[in-house]
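Input: one structure, supplied below.
Note that the chains are named A, B, C, D, E and F in the order they appear, and that numbering of residues resets to 1 at the start of each chain.
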Amino acid sequence: MLEVAALACRRGDRHLFSDLSLTVRPRTLLHVRGRNGSGKTTLLRALSGLLRPETGSIRWRGEDIHHLGDDFNRDLLYFGHLNGIKADLTGLENLRVMATLDQDPASDDDILDALEHIGLGGFEDLPTRMLSQGQKKRVALARLILSNAPLWILDEPFTALDSDAVHLLQTLISKQVADGGTVVLTTHQEVELTRGQIQRLTLGAHDTDMQEPAEEAPSNEGSAPPC
Amino acid sequence: MLEVAALACRRGDRHLFSDLSLTVRPRTLLHVRGRNGSGKTTLLRALSGLLRPETGSIRWRGEDIHHLGDDFNRDLLYFGHLNGIKADLTGLENLRVMATLDQDPASDDDILDALEHIGLGGFEDLPTRMLSQGQKKRVALARLILSNAPLWILDEPFTALDSDAVHLLQTLISKQVADGGTVVLTTHQEVELTRGQIQRLTLGAHDTDMQEPAEEAPSNEGSAPPC
Amino acid sequence: MLKVFGCILGRDITLALRRRTDVLTTLFFFIIVVSLFPLGVGSEREMLRELGPGVVWVAALLASMLALERLFAADFDDGTLEQMMLTGQPLALLVLAKIVAHWLLTGLPLVFIAPLVGMQYHLSDGAIWIMMASLAVGTPILSLLGAIGAALTLGLRGGGILLSLLILPLYIPVLVYGSGAVAVSMIEIADTQPYFYLLGAFLLLALLFAPLASAAALRISVE
Amino acid sequence: MLKVFGCILGRDITLALRRRTDVLTTLFFFIIVVSLFPLGVGSEREMLRELGPGVVWVAALLASMLALERLFAADFDDGTLEQMMLTGQPLALLVLAKIVAHWLLTGLPLVFIAPLVGMQYHLSDGAIWIMMASLAVGTPILSLLGAIGAALTLGLRGGGILLSLLILPLYIPVLVYGSGAVAVSMIEIADTQPYFYLLGAFLLLALLFAPLASAAALRISVE
Amino acid sequence: MTINLFKYAAPTAFYPAAGRLIPWFGGLALILILFSLYWGFFETPERLGGSNPQKEYYRIIFIHVPAAWMSMWLYLVLAAWSAIGLVFNTRLSFMMANAVAPTGAIFTFIALWTGAFWGRPSWGTYWDWDPRLTSELILFFLYIGYIALHSAIDDTRRADRASALLAIVGLVMLPIIFWSINCPDPNQCAALHQRSSLSNIESNILTAMLTMTLGFWLYSFATSFARLRGIILLRESDSGWVRKIVEREART
Amino acid sequence: MMNFLQQGGFGFYVWASFGVTFALMIAEVVQLGRNRRTILARVGRLSRLRGQRADAGSHRRHASESSGGQA
């Protein structure tokens, strides 16, 4: 269970949201929505512990995630705007390293199966640098198949994927939720679940003037504009 | 009119497509589709002259684009996976520089109008580094409003945009097509046009074994895999 | 034409001034490298005086080279370089504008800081003047030549160090004549003019060909 | 624990070997910088011998620092660093593994190339041995200290040169004692042992604290 | 006492308090500096005594030594605030460290500059690689490094924390660096260094020097408080109390 | 007076030291004053902008104002 209490975040000198409280139970998908720039990425990074919020607390199974530290990380799978795969390693090697670090008991065969499953059969021993944008993303998503972390945090996982891959990913997410996991994701598209329930959070909706910049950039003064 | 004859491209050691011929007339949108890794980006970069194709020719108004050189570039607006805006300049300054280089006669007021129109009113004097992913993309898309290039080549312009912005962009594309322009784009979503006609090209569909890597990467040999 | 040149020049200078420290870091890098030597080799006055010109020029080479790494890289990473190549303006012109902006921001300050550094090495006033003059003629050559290397190594991992590998050997003539001029000026009888003629000729040649070569290299790298 | 350490070590070494040039470039940079000096200062034997230790050590400083720029940057750019921070393994351990891999690839080769360089400066055999030993003890300190700077400047524009600004002053003790040991070894009566004790003590301290500080810096930078 | 401290640890409370203190610090600093200038130029002998008597240029001592002391003291202050900020996660401490850095760098530069202009008449050169001078130069580099890192990072929070960590690493390394410069040869280190002491300096000179030190000290309080107020305004600009202040000060 | 200025022939060194020291200190104070004014102006402009947000044209005016000011 992920509990967020009185959370406030700011980037630079802008308050993005404040006093955000919510609880995400197991078997639930939290779909964070909002316009461009409403702070979805910021919220997800705060939830995964990468960014320390201004105020407020985030608890996982009753304990503050910053106290849990590495224990929380072991329960978490975060997937950000960047794929987190090395361009010079092959898909197989990338996933092997991640499995070791995550202490997932995935053998090479498991990894090859996962790659096959995600539609990269035949590409597993190509350095990922040689893959297209969408294929790279697929390699990263293969971790979802291998991991048994109960909490997934996915930031716009559907971009750059073709419709096959989108479908596959939706199946994976449904399965994770059905198996008692928790998923937090952002996407501008709609998501459907076959089992489990969807909880929606819309950022920046109740109060549109949050969309305004709080302040001009300090470095922006004094120099002549180009051209 | 954009004419492609017997085009073949390869990336690394893989043939992506060969013997591709097509003609895109004015008042037409060419929607390039295909699975992840089918070569859409490669084709678009070839069409814009950034990448020299293996064989085949690309003609714009009857002349080879590599002979036309800068004259072709003046007719072209290319929009790639990268936004092409400087993070340290404000939206206004970015667009001002681009307008000067493109020799568009856009005054500051025109630019401000365009930014307002694309939903960035109030953000125009913030360095774009302070904007979210989608907001940055919007700044880049404001060029579409300012430019009067007859040929647009857009590589996945809809990613990271929220539904408002997607709608706006579709309107812009419709208008360009209606005004006698040519648009080439890739996206995994469907596009609709209010006027003008849509031509579709699906890459890698006729021949699925192209999805297989032709050859293993040379740099991949000889060193032990990690972990 | 001139408007486009001015636009890019202005853009790059604005960008640098938005991050004022960027400009200062090159300068301080130069000062720090120069100051490291006496710590490594000891501080005997006579020896430092002999070392001075060489150390200053080697430090200038390194500073210029390190700063060059970012000449096109930033524009490449955010896609603006791609856009510049598609604007219908001669690429060599845009490249020249970028190089000039770069030199104004990283090369020129070295000329002005040279007296300070000369003092640390106990150089005479005359030698310091010659050093300033030789830096003023030599550093633009460094920027021009370096631009070719920067364009070639664009987007490669470990670009910085690879760049130095490509470019440092090309810098050798500038180093030899630049430090030569200063060293010779410390001897009464010798004449520094031939050194400056040579450096000037290099500069002209580089000014003519380097932008073209860099533009060609950029086209290859962006593909 | 050991498995994780080995995994990261293996990963980084594999990555480097996939791009063999990366490893070689550091080495060549070192050689080129060392070779530039005789061109800049003249080739008098006596002076070169005196200069040798200092120049070699300054070049080692610069080479190590330049290579460090990429220590975390590549992982940061493609998001793998973020992932490493979220794996539930102590970050300091992962950082240490990365530093060790980095030293094996860029520091150790300098030790083996030292005799070649020593010859260029007409150093005696004894001095060359001492130089190799001092590099072997000193370069790990450089990698460890530099990692802190590399973590702090992660993802910043002009990172390379900023890094040098931050880190070169911290390298001074290593420079002083490293080159001091070699210089002293050329005098008959003097004893190099205290130098090595000092360097060894530094190394131990750095080994203890630098991974922790780098891990803290990474957490700050990735935020 | 502790309650008071915590009260002033909030930017809200600190801003007006600093505003009230600045004129006092500034005024006192001016008085002390003017006094010590008068004393230093008119009430002290024309040459410094000792084995190597120096002529009138020794008066540079009245700014050189206080500036050198301040440069080192302010680095300590900078590192201390940084450490407090990192440990207790108080925003004001980071701002404090930020506000002190430029003043410290200026004093370091002054020490270098005046030392150079003292060295020319007394040693015949503007610069020598004497340990003391070299360490001061390194201190200058450390200040510049702190400032450069802070301004290279856009996100103020990251900038604060990163440069604070750098300041602390610098503080740990400082003694090691200074010591390595002071004693480059561990075999005969003890013999190298001799300290000139203040005890045998004439008391008039000492008076002028110490008043100047105090003056510089108060001056750095005034400037860093003023800078701090600016930083607070910028960072808290979207909170209500800052808006009120701005409206009030726009009227006056 | 002349005597005082000459400082026993070392006037150049003494006055260069004292001059630069106090010039730097005064420059710092002046810069702080200017800095404060620009900060107040900017924060003021932003809070006014917030107040005016109701009417849609305000962003425009604000932006052109600032670009005019920069040029």
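Heads up, the rule we're going with is that a residue touches a chain if its C-beta (ideal position, glycine included) is under 8 Å from a C-beta of that chain, and two chains touch if they have at least 3 such contacts.
No experiment lies behind these values; they were computed from the predicted model shown.
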Path length in steps (a step moves to a chain that is touched) from chain B to chain C: 1
Pair of chains joined by more contacts [C-beta pairs], D-E or C-E: D-E
Proportion of interface numbers common to chain A and chain B (over half same, under half different): same
Chain whose mean Cα position lies farthest from chain B: E
Fitted rotation between chain C and its twin chain D in degrees, CA, nearest 5: 180
Intercentroid distance (Cα basis), chain F paired with chain E, Å: 21
Interchain centroid distance [CA atoms averaged], chain B/chain D, Å: 44
Inter-chain centre distance, chain A versus chain D - centres from mean C-alpha coordinates, in Å: 36
Chain F: positions in contact with at least two other chains: 42-43, 46, 49, 66-67
Chain B residues counted as touching two or more neighbouring chains: 81, 88-89, 92-93, 97, 100, 122, 125, 127, 130, 219-220, 225-227
Contacts with two or more other chains, residues of chain C listed in rising order: 7, 11, 14-15, 18-19, 21-22, 25, 28, 32, 39, 74
Touching residues (chain side chain E, partner chain F) in the complex: 41, 46, 55-57, 59-60, 63-64, 67, 102-103, 106, 109-110, 113-114, 117-118, 120-121, 219, 223, 226-227, 229-230, 233-234, 237-238, 242-243, 246-247, 249-250
In the complex with chain E, residue positions of chain F that touch it: 4, 7-10, 13-14, 16-18, 20-21, 24-25, 28-29, 32, 35-36, 39-40, 42-44, 46-47
For the chain C and chain D complex, residues of the former touching the latter: 19, 21-22, 25-26, 28-29, 32-33, 36-37, 39-42, 47, 50-51, 53-55, 57-58, 61-63, 66-67, 69-70, 74, 157-158, 160-162, 164-165, 168-169, 172, 175-176, 179, 183
Residues of chain C defined as touching chain B within the complex: 3-4, 7-8, 11, 14-15, 18-19, 74-75, 77-80, 82-90, 94, 222-223
Residues of chain A touching chain B in the complex: 11-12, 14, 34-39, 41, 81, 88-90, 92-93, 96-97, 100, 119, 122-123, 125-127, 130-135, 137-138, 156, 159-166, 188, 211-213, 216-217, 219-220, 225-227
